[in-house]
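Below is a structure I'd like to ask you about.
Which chain is which? They are A, B, C and D, in the order written, and residues in each are numbered from 1.
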Amino acid sequence: MTESMIALLSFVLTLMVFSYLLGDLPLIGNLYRLAVYIFIGMSAAFTLIVGTESVILPYMQDVLDPETTWTSLGSRADTYIFLAALLVALLLLLKPVRSLTWLTNSVFAVVIVVSASVAVVGALTGTLFPLLHSTAALPDDILTDFDAMVDTLLIFLGTMTALYYFHYQTRLDSEGAPAQSRMGSGLRHVGKVFLVIALGAIYASTILSSLTILTERISFLFQFGA
Amino acid sequence: MNFGQRLGIALSAFVAFAVGAIAVTSLLLGDNPAIFNNQPGSERAAELLALPGDVLLRLVVIVISLSVVIGIANLLYVHVGRVARGKVYSGALLASFGVAIFWHLTRQGDPSLLEAVQLPIESSLAALLFVSLVAGASRVMQKRADVWGLLFVAVVVLVLLASVPLAELAPLRAWRDWLMRVPVSAGARAFLLGIAMATVVTGQRVLLGQDRSYRG
Amino acid sequence: MKDDFSWLDDERPLERSPASSGARRGLRRFLPRLSRLPRLRRRLRARADKASAPDSAAAILEGRSDRPVEELDNRLRALRERSFGEQPSGAEAPGALFDVDEVLVTPEFQRKPGGVISAVALSKAQERQVELLKDIVGGSLDASDEGDGGRPRLSPRFSLSAFIRLALSALLVLVVALPFVSSDYAVGDLTASEERPALTSMYDLLDDLEKAEHVLVALEYGPTAAGELDALTELLLRHIVAHSAKPIIVSGNPIALVHAQNIIRKINRSVAAFALDLEANQDYYLLRYLPGEALGLRELSENFADVARVSAKGELTGLEVSALEDMSLILLIAESAEDMRLWAEQVLPETEDARLLVATGYSAEPLAAAYADSLDEVVGLVVGFRDAYIYGEKLAIAYGAPSQSQRESTVDSAPAGESPDPQGAAQLPTVTAQSTPTSLPTATAPPTLRPSPTLPLPTATPPPTATPLPTATSEPVLYVEVTADQFINIRREPTTAADILALASEGDRFETLGKNDDGSWYNILLPDGVEAWIASFLVEELWIAAGDDSASASAPRQQTLMRLEFPLRLGKNQPRFYQAQASGAGDHPEFVLNRDRKGETSRLEAMTLGALASVLIIVFGNLVSALRAFGMRRSAGPAK
Amino acid sequence: MDETTLQVYSGLIALATALLVFVARIWRRRAQRRIAGLERLPAWTGRAIETNRPLHLSFGSAGIGGDNTPLALAGAELFHQIIEGAEAGDAPPMMSMSEAMSLPLAQDTARRAWKRGDHLARLRWLPSGRRSLAFAAALTDTARNEEPAAHVLAGSFGPELALILDSAERRGQPSLAASDQLAGQAVAFALADEALIGEELFAAPAYVSDDRRAGSDAVVMDLWRAFVIIGVTIALLLQFSQLMPEYNWPVLAGIGAVLLILGLVGYRRS
């Protein structure tokens, strides 16, 4: 495809998507939908292509040709792993068959459990410990630098109260409705301040991100038009 | 619930528990000889400990990439059905799917279709987000006419203004930097810690064979 | 009537009915009275919905518990069930429920001949009661919708809110587009953007890369964020390959890998004239896609050697690495903070002494900063387009190119397509003939050249002898000044097939000896006395008196000398004419020098305007809502 | 903290959590604070039944295999309860996801909760992955075509959530949104009718589920939270005491006071 073709197609499709802003007008509204459906089809195709070419095909080749090995485990192990994976995938496809649930459930359990253990291990070693460590650590200049001390304490206070905000268990008041102690609800309010500030900042950053992308699109439209 | 079903549940719960214990141990402690006090042979032991996790990981990774096929099948199933009912757009979807596959097979991985179709549409949609986000932010007080809504909007406005390179707004940048460094950082940490803790707890429950998803 | 509908009771889970008797009582009191004034009623209800005073109608709804409908009058209940139950189903439904704005009766009552009304013969009084019932049903339905959805019942098409939306969108897009129309709308001082230490350390680390060092580049973004992160990616990749270091690109996003090919293609295109093509599995590596997010990354960190074995196209890469520790740096370009979290969780704990550089978009900044603070491994952080701009400026200055602010003035006057047309794409990137205001005949555009240097070059080679211009010997000396805003090539012969001796950029002046036959090339004298040729449509003639030192030794001239000292690499296998002199400039500065920076300034200006406009809209919209809510609260008070 | 220490501590915590999860099942369920978003769900389900329109339940990019596997499972548990409630109606809920591995999960959830057999056609996989705009754009069209009675978006969403919520808002469809991505949470907070922020989605099963196993999660999370807060507070105080040795006694007294207060609070609550 020539560069000018690419530019022209991009131009037209960009305008088609931007027609969403005009709302549900007849005809124009359909342009947006058309672009979206084209987009979904193509995304699916690309996902399929890359997934197949970079994972499945190499393994297939590996299985078919015992001379090559793609992993350090050796060709035979690769073959077994691949065949086992094929079997698992096949069984997942059979999930709707009720009489096989005893088998498909067990297979599904393997997939879920391996994924969950990766998530658990990652969350423990990658997020929980480092973040707690840095929250509980004092900077060296804490005693000499008043600002640093205030900031550290604020971060500590904010993190802890915001964590406490999520606390679920509570006691019941005399009428049987969930109620919280005055101190508890005070802490939760402090925590919520930090949470809402964080959400607001993230929201604004997201606006800036999309604004950057919009400027890129408009820049493209103008450069094409010129 | 009959005996067979009970047996099935017991089986899947057992498989989950066993595989979970192996996977966590292997992933967490594997490949680190220091776990075995670096004694002779600990290298080998560490490798052996890492092996089951390694194999399981590879297996599941392949399963996941194969699962895309299931997804595509679902997509095509839904839209072929719609085309049969005369929906034009689904036809466009199938056509673009076919074109992309055909293009790839005949042109040996020429990525220009991505450049010409996928990229502009996706970028433009991301650009549309700007309008949606601004419109949404301008309605926050409609939904939350309370102090939280106000605080949210104030922070949004502050951060946006601080991104403007005007000399008059320079003090705002200092505020914004402090905001990002202290309260936002604290809030973000709380979110991350909370989610990490919840992930660990829910994950452990799943590892113990206590989840509905593979039990019934 | 009761018998007609009693069967429904068994099927419907009554306890899930959205309206409570409390709400109903409130509505019973309100609605009949107001039904005479439908518009007022609607407005009041919309207001009441927003007000949260404890005794407004909305509050009654909010405070309801899911009490059973059994408490309702039996007939009323049946009527209600009937009217709901026989809605046309899902996909085909015209959305009648949401258009009940104008009606007090649900549409089905009128539409269906076999409905309640025609089935029963009613007296006048009964009819009035039915009207009342319909009123209540319509009303309660309406109100319960509001209680749930919390929005006024405006039809989505051609309504006021749709109009406001349209106006708002148009305003935002127009404001953002202004800087591209004219530079008069620039607000703020772009040069004021300060440099952050995290950016400097990132720059320094990349600048210290040695030849053949490996840099793991994690491209964790798809086309979604291409508009924001492509600039950064391209810049950082150029910086890496300029040092002949080798980027190893990985991604958990399949589309990102395809997109990466496009970015590399773009880089290649810009340096095609120097025969510097980046070759896959040699100058860079595009590894296979890592499926399963966390799982894929875990696999990467535990079995890097295996992952590095296969390229995205399923070929063997021939890469000899054993573990992630072999990477000099890890550069993570991520669109979301979650990607950064994934890397922090799955990769960093598994690698010793990893040094992670992070480039993200704005949306990830708050979290990325939190992680960067907490993790010692993170040694550099750049965020968003503004940092890309600063980084680019820094790089350009270090490599001897004019900074963007210097070339700004011509950006608007030469609006060539961003993706350069094939003509001149290679050796005269993105400058088109008509864009250069020149008094010279510009009929002959240079011969076309495809990006790949292996293609035969269609050359219309004129004899390299110069026909002296009649004026060349007269007292004022003819100079040519470069007007193109790109780096242009100065060649040994008046043909695009000839060697490139040097690069010149906008504002450079050269003493001119003459032209070739068809006037498409100038014969110029380089400062060190070497004769060379430059394409005429890229320059402008300039007469400067020979003795006029102030003119010939003016600032632009000085720039020329400086710039010509910079390294200029020729085609492969050809001797270098000029040797690299700047210490930090890497092996192949062409990668950095030939970056297309068109429109960057306008984009920054557009962002400024866009941010200001959105602040205005947000503040105004919320002010109106807050005032209305305040007004509601006060007006809803007396209804107690 | 070096790698080995990290690993050992993590292992211990994982083990302790496992024990707690096991033990927590037998504890009496206590009162929980209110989460407004979850309280709206029955009303929306009711409306879906009465108007005979489907609910739209979405996993977003949460799926088996990612780091958000537990999130997907928590979402599935929530969806299970919603579908069970909606089963009284005729329109089977629609489930969408951008991660192919959540298809079996969704299908399974639907099959368990919706006993009649016509749910298969209501699953929608859309390409693909985290922050998928194809997914969001397709859902803007869903909001228009299928007119769901309400959107329950409980999974992993990025800023693209704004497109979905915006189109739902345009058509007057109520929405509940929850995400593990912070950008998604911020968007949900501003645009959705109801938002579950932070980890609230993980606790949703404890609110809606009839499954005691899932219901005990919130208790364990609370225990961990208390542990973390107390631990970090004490760590910080100890560091202060090291910095200022002369104030050792007041600091230790402070720690004692904190523990005492927390103990008292805990005692009063139980």
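Basically, contacts are C-beta pairs under 8 Å (C-beta built on N, C-alpha and C of every residue); 3 or more make two chains touch, one makes a residue touch a chain.
Since we're looking at a predicted model, the values are computed, not measured.
Taking the definition of touch as given, a chain qualifies here only if it contacts chain A and chain C alike; those chains are B, D. Think of each touching pair as a link: the shortest run of links from chain B to chain D has 1 of them. Ranked by how far their CA centres sit from the centre of chain B, the chains are topped by C. A separation of 30 Å divides the Cα centre of chain C from that of chain D. One inter-chain figure worth recording: chain B and chain C are separated by 21 Å, centre to centre, where each centre is the mean of the chain's CA atoms.
Work out the mean CA point of chain A and of chain D, and you get 14 Å between them. Measuring from the averaged C-alpha position of chain A to that of chain B gives a distance of 3 Å.
Among the residues of chain D, those in touch with two or more other chains are 3, 6-7, 10, 13-14, 64-70, 73, 101, 104, 108, 126-129, 132-134, 137, 141, 159-160, 180, 182-183, 185, 187, 189-190, 193, 197-199, 203, 221, 225, 228.
Residues of chain A in contact with two or more other chains: 6, 18, 20-21, 24, 33, 36-37, 39-40, 43-44, 46-47, 49, 51, 55, 71, 92, 108, 111-112, 114-116, 118-125, 127-128, 131-133, 135, 156, 159-160, 163, 165-166, 195-196, 198-203, 205-211, 213-214, 216-218, 220.
Across the assembly, chain C contributes 150, 156, 162, 165, 169, 173, 222, 224-227, 254-255, 258, 291-292, 294-295, 298, 303, 313, 341-342, 345-346, 349, 362-367, 370, 373, 607, 610-611, 614 as residues in contact with two or more other chains. Taken together, the chain C residues at the contact with chain A in this complex read 156-157, 162, 165-166, 169-170, 173, 176-177, 180-181, 225-228, 230, 254-255, 257-258, 288-289, 291-292, 294-295, 298, 303, 305-306, 309-314, 341-342, 344-346, 348-349, 361-367, 370, 373-375, 384-385, 415-422, 425, 598-599, 602-603, 606-607, 610-611, 614.
Interface residues of chain B, counted against chain A in their complex, comprise 4-5, 7-9, 11-13, 15-16, 19-20, 23-24, 27-28, 54-63, 65-72, 75, 89-90, 92-101, 104, 110, 112-131, 133-134, 137, 148, 151-160, 163, 178-197, 199-200, 202-204, 206-207, 209, 211, 213-216. Looking at the complex, you find that chain D touches chain B at residues 3-4, 7-8, 10-11, 13-14, 17-18, 21-22, 25, 64-65, 67-71, 73-74, 76-77, 80, 100-101, 103-105, 108-109, 112, 121, 123-128, 133-134, 136-137, 141, 159-160, 162-163, 165-166, 180, 182, 185, 187, 189-191, 193, 197-199, 202-203, 211, 213-214, 216-217, 220-221, 224-225, 228. Residues 1, 6-7, 9-10, 13-14, 30-34, 64-70, 73, 101, 104, 107-108, 111, 120, 126-129, 132-134, 137-138, 140-141, 144, 159, 182-183, 185-187, 189-190, 197-200, 203, 206, 218-219, 221-222, 225-226, 228-229, 231-233, 235-236, 239-240, 243-244, 265, 268-269 of chain D are the ones touching chain A in the complex.
Residue ranges on chain B touching chain C, taken from their complex, read 27, 31, 50, 53-54, 57-58, 60-61, 64-65, 109, 111-112, 114-115, 118-119, 122-123, 125-127, 130-131, 134-135, 137-143, 145-146, 149-150, 153, 156-157, 160-161, 163-167, 180-181, 184-185, 188-189, 192.
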